[in-house]
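Chain naming follows the written order as A, B, C and D, and within any one chain the residues start at number 1.
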Amino acid sequence: MNKERIAVNFAGISMKTPVMGASGTFGFGLEYADFLDIDNIGAIISKGITPLPRPGNPGVRVAETPAGMLNCIGLENPGVDAFKRDILPEVSRHSTPLIVNISAGTAEEYGELAAKLDVDGVAALEVNISCPNVKEGGIVFGTDPKAAASVARSVKDHTSKPVIMKLSPNVTDITVMAKAVEDAGADAVSLINTLTGMAIDIYTQKPLLGNITGGLSGPAVKPVALRMVWQVANAVKIPVLGLGGIASWQDAVEFMLAGASAVAVGAYNFVNPCAVEEIAEGMDAYCEKMGISHISEIIGKIND
Amino acid sequence: MNKERIAVNFAGISMKTPVMGASGTFGFGLEYADFLDIDNIGAIISKGITPLPRPGNPGVRVAETPAGMLNCIGLENPGVDAFKRDILPEVSRHSTPLIVNISAGTAEEYGELAAKLDVDGVAALEVNISCPNVKEGGIVFGTDPKAAASVARSVKDHTSKPVIMKLSPNVTDITVMAKAVEDAGADAVSLINTLTGMAIDIYTQKPLLGNITGGLSGPAVKPVALRMVWQVANAVKIPVLGLGGIASWQDAVEFMLAGASAVAVGAYNFVNPCAVEEIAEGMDAYCEKMGISHISEIIGKIND
Amino acid sequence: MKKFLENAEILQNEAIIPDVWKMVFHAPKIAAEAKPGQFVNMQKQGGKTFLRRPFGIVDADTETGAVTIIYRLVGTGTQEMTAMKAGEVISAEGPLGEGVFTTAPGKALLVGGGVGLAPLIFLAKKLDKPVVLVAGKKAAETFWTKFFEPYAEKIYVTTDDGSLGIKGFAVHALPAIFAENPIDRVSVCGPTVMMQTIAEASDAAGVACEVSMEKRMACGIGVCLGCTFESKLSGKRYKVCADGPVFPAKEVF
Amino acid sequence: MKKFLENAEILQNEAIIPDVWKMVFHAPKIAAEAKPGQFVNMQKQGGKTFLRRPFGIVDADTETGAVTIIYRLVGTGTQEMTAMKAGEVISAEGPLGEGVFTTAPGKALLVGGGVGLAPLIFLAKKLDKPVVLVAGKKAAETFWTKFFEPYAEKIYVTTDDGSLGIKGFAVHALPAIFAENPIDRVSVCGPTVMMQTIAEASDAAGVACEVSMEKRMACGIGVCLGCTFESKLSGKRYKVCADGPVFPAKEVF
């Protein structure tokens, strides 16, 4: 493998590969230590961290769907204090950048949370304004450009780290959201979060998920994610982290050709826990085969 | 099979079963004559008909995706006059209701088209305000509640037939669209049309589809469609025709439990050309097994 | 023509050369109706693909009900077909396409390249001693000749690299073939450029030409409009799957 | 405990009774580490399912590398597993779960219902002559006893319909078992209501009890948080897949 060819700088963060583990699907990275070399991946994006501990939603939380899955975890996490105390020191032993994914109820709380995380060991913040599985905040911030911008501004004001705003696909025009957070000072955007979906048990005649609806992810959503990445990459100047259904190096290459500067693997980690590393290897082999001297050359290439 | 148990009346149209062939995937019904008894299905929904003939989009028009497909046909059709002259008389020989799916460039043109189709042999109009694959009109009508309402009103003013407004899933809140067309006088809504997606050829480094983007359909989108049907059924009083990814009688039952009064099968017809008939049979067997005396009893049952 | 959906037992499924496979399956209804030029739309049920995959009919035995296809390993769908074993069941829809090859009397020249040769085998069988031109990239591809031997009067071969037969493209062999044989019409199936050059050369020689088209298909039965094109002759729009796949060359080029 | 991903060759895959199958596959790394209570996350690659499917380990032979599971035919995933043949390859991830069954000295009672009995077979093998209670709906389900015979000191059977052994639920047999055997602890795996009633009865009798939990899982390795619950004892949140699947009953009920 040619390590230089696939090393990237995303929003100021140096990464060994352009492939990260997506929030909520990669734990805090360490859980994958038996399956891959966690010092040899792009970045670890943490499970969503909130100001206080959260138990998440009751009832069934995951369900399989055709070529994908639904989840309604509801942001279960130990809270920012326990995260800093118990988890951050462990992850910091590794050389791979840790991007902390954050969620809160108001723009102010987002800012306070960002301030608490403005510490060593945190490479960047990914701001989740798009969790479909929690009641407070989530959905408004993810669908209203003004609310999204206010969160972006509040986080920027309270951190020295690069700020990546994570966008929801459940909107009419995702470029409006992307431009709003760009104008508010975001350093990058990541997309997509999950599409809101549902499943029903035809024998109990009740919703399958405890939360009734849940977030759809996996290969099923890839065509939608790719389209949105392409739209957003053509609408903003800040870099785009592309994700949604990536399950192969071919998928990852498609996202970069559409305009993503780096990619993340989500639900597919559950299927192949070696995916984040293997996909980077495949991208390197693609460069070799296609005579591409650096992976970043293909970013947005379909527009040429 | 117990024919009474699954016969339904949808928006004033009597149907032998609650299962129809979806627009653009069922031709004009006759194409399926070798595979099923076209006098034994719920309804035939025609390919989108426009005021003038349309050649559709150039280049590749269909692509497979995980558990689904993309299409960018671009409303190829012979135009309303040729439809009335060449096709309608043939289809009218059958007892199954023909619902004509229509598209046009302005609210006025929608009205004129509706007037031309206010003839014998047309059971209802399904008004496509959500085609993602044509430039003029389509996307505005499908995402702006005022524009959608103006189309609904114009069509209602020019026809004596039931008017079914077909909604786009590419919106932030589909209930807003549904309520707008309900207020404008629509007799029913159908949803979902396709989700806008994309695919890239990693070797040519160009979009796979001639139109760059296309509409995603098939089992992949079912969780999203089901969620939207549930939301809309709880937001409006007019009946809902549910579709999006139906590939089995179990899927069809889920849609009815979520609140659909009838369902349609789209892309899955390409996989199993007998699907529209077989799914109705499966629904009948479900009634038998569950001790349900009429299929309409399960409409919206998950809310109980 | 009537179409059927059959759960077909696979009778044989073997590689001819590493990337080209032959599958024989038992689909008596399809076999009874099949005409040269028609195709079947195949799917392994419970497999990875969503859509069916179209393949030209290579042979259809009305007595045994056996239908043969020859397929090249391309992607997901053909990959999963190669993994199927005799005894397993595959879903076959067909025979599809109203536009079939001409089988009227007269001396026909069949020109094919790559897997485009597959449907021509069935045509050769139904004709009276046609002349056949097998075009390949390299010698390995010319195993095709053995399929035509029982039916052909004469078989010409071209290879791009000259490793077998005449060096060059199919069209380069036409003048000699026309000179040596009293050809009444040409039936072509292969890459678009081959079909176009053969069509033009035939036209120039005053010989009628028909071509078998290939387009990405979703339905295969004329309902999705994924595969349409506009006739160069009449401006009429045709569906490759339902009106074709075989068309007079003048409609296409 | 170390986890592995292995492309495992299937050595055997057969129905024991129509809806319950036994699969043996070659996964030497998993076999070498497996402990009773742990599970494997299985997937037929290129199949119909997106997520892996979890199954308790029934046996793991460190010498031959053979791992055994027993699975009930439930839906898509198990259906496609039944269609796999010896010689085919299945992807196995494991051994998963840090919360394993207690194998310390002492007289253990193993109580299981339905496929919940599967992981108890591996436990029985590792213990010194445990007492086993096999609970089934009807006599057909009690084929399980033959799996325990080599290891058990005594096997009790209950059936809901009384067609074999004691008529009634598992919990109905407990008083007699406790009276007849010097039980130090109880290990249960089965439907929630069985686990809860056994846990309560054990508690009432002053006997420690551990239960093996089952929740819908996406990852199986503690990252998705699909399978968590709150400890009744400490309020702490556990992941069934990573912290369990075996927990002291007091944490759960």
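Everything below uses one rule, namely that a contact is a pair of C-beta atoms (placed from the backbone, for glycine too) under 8 Å apart; a residue touches a chain by one contact, two chains touch by 3 or more.
What you see is a predicted model; the values in this text were computed from it and never measured.
Distance from the chain B centre to the chain C centre is 35 Å, each centre being the mean of its Cα atoms. Between the CA-based centres of chain A and chain B the separation comes to 34 Å, rounded to the whole angstrom. Chain geometry summary: the mean Cα position of chain A and that of chain C are 47 Å apart. For chain A, the set of residues that touch two or more other chains comprises 65-68, 218-219.
Judged by the touch criterion defined above, the protein chains form a single closed ring in which each chain touches exactly two others. Interchain contacts (touch definition given at top) occur between A-B, A-D, B-C, C-D. Touching chain C in their complex are the following residues of chain B: 24-27, 31-32, 34-35, 47, 55-56, 60-69, 71, 73, 76, 218-219, 267, 269-274. Taken in their complex, chain B has these residues touching chain A: 65-68, 70, 143, 170-173, 195-200, 202-203, 205-207, 213-214, 216, 218-224, 226-227, 230, 245, 247, 250, 253-254, 257-258, 286, 290, 298, 301-302, 304.
By the touch rule above, chain D contacts chain C in their complex via residues 46-48, 80.
The residues of chain D lying in touch with chain A in their complex are 2-5, 43, 49-52, 76, 93, 216-228, 230, 237, 242.
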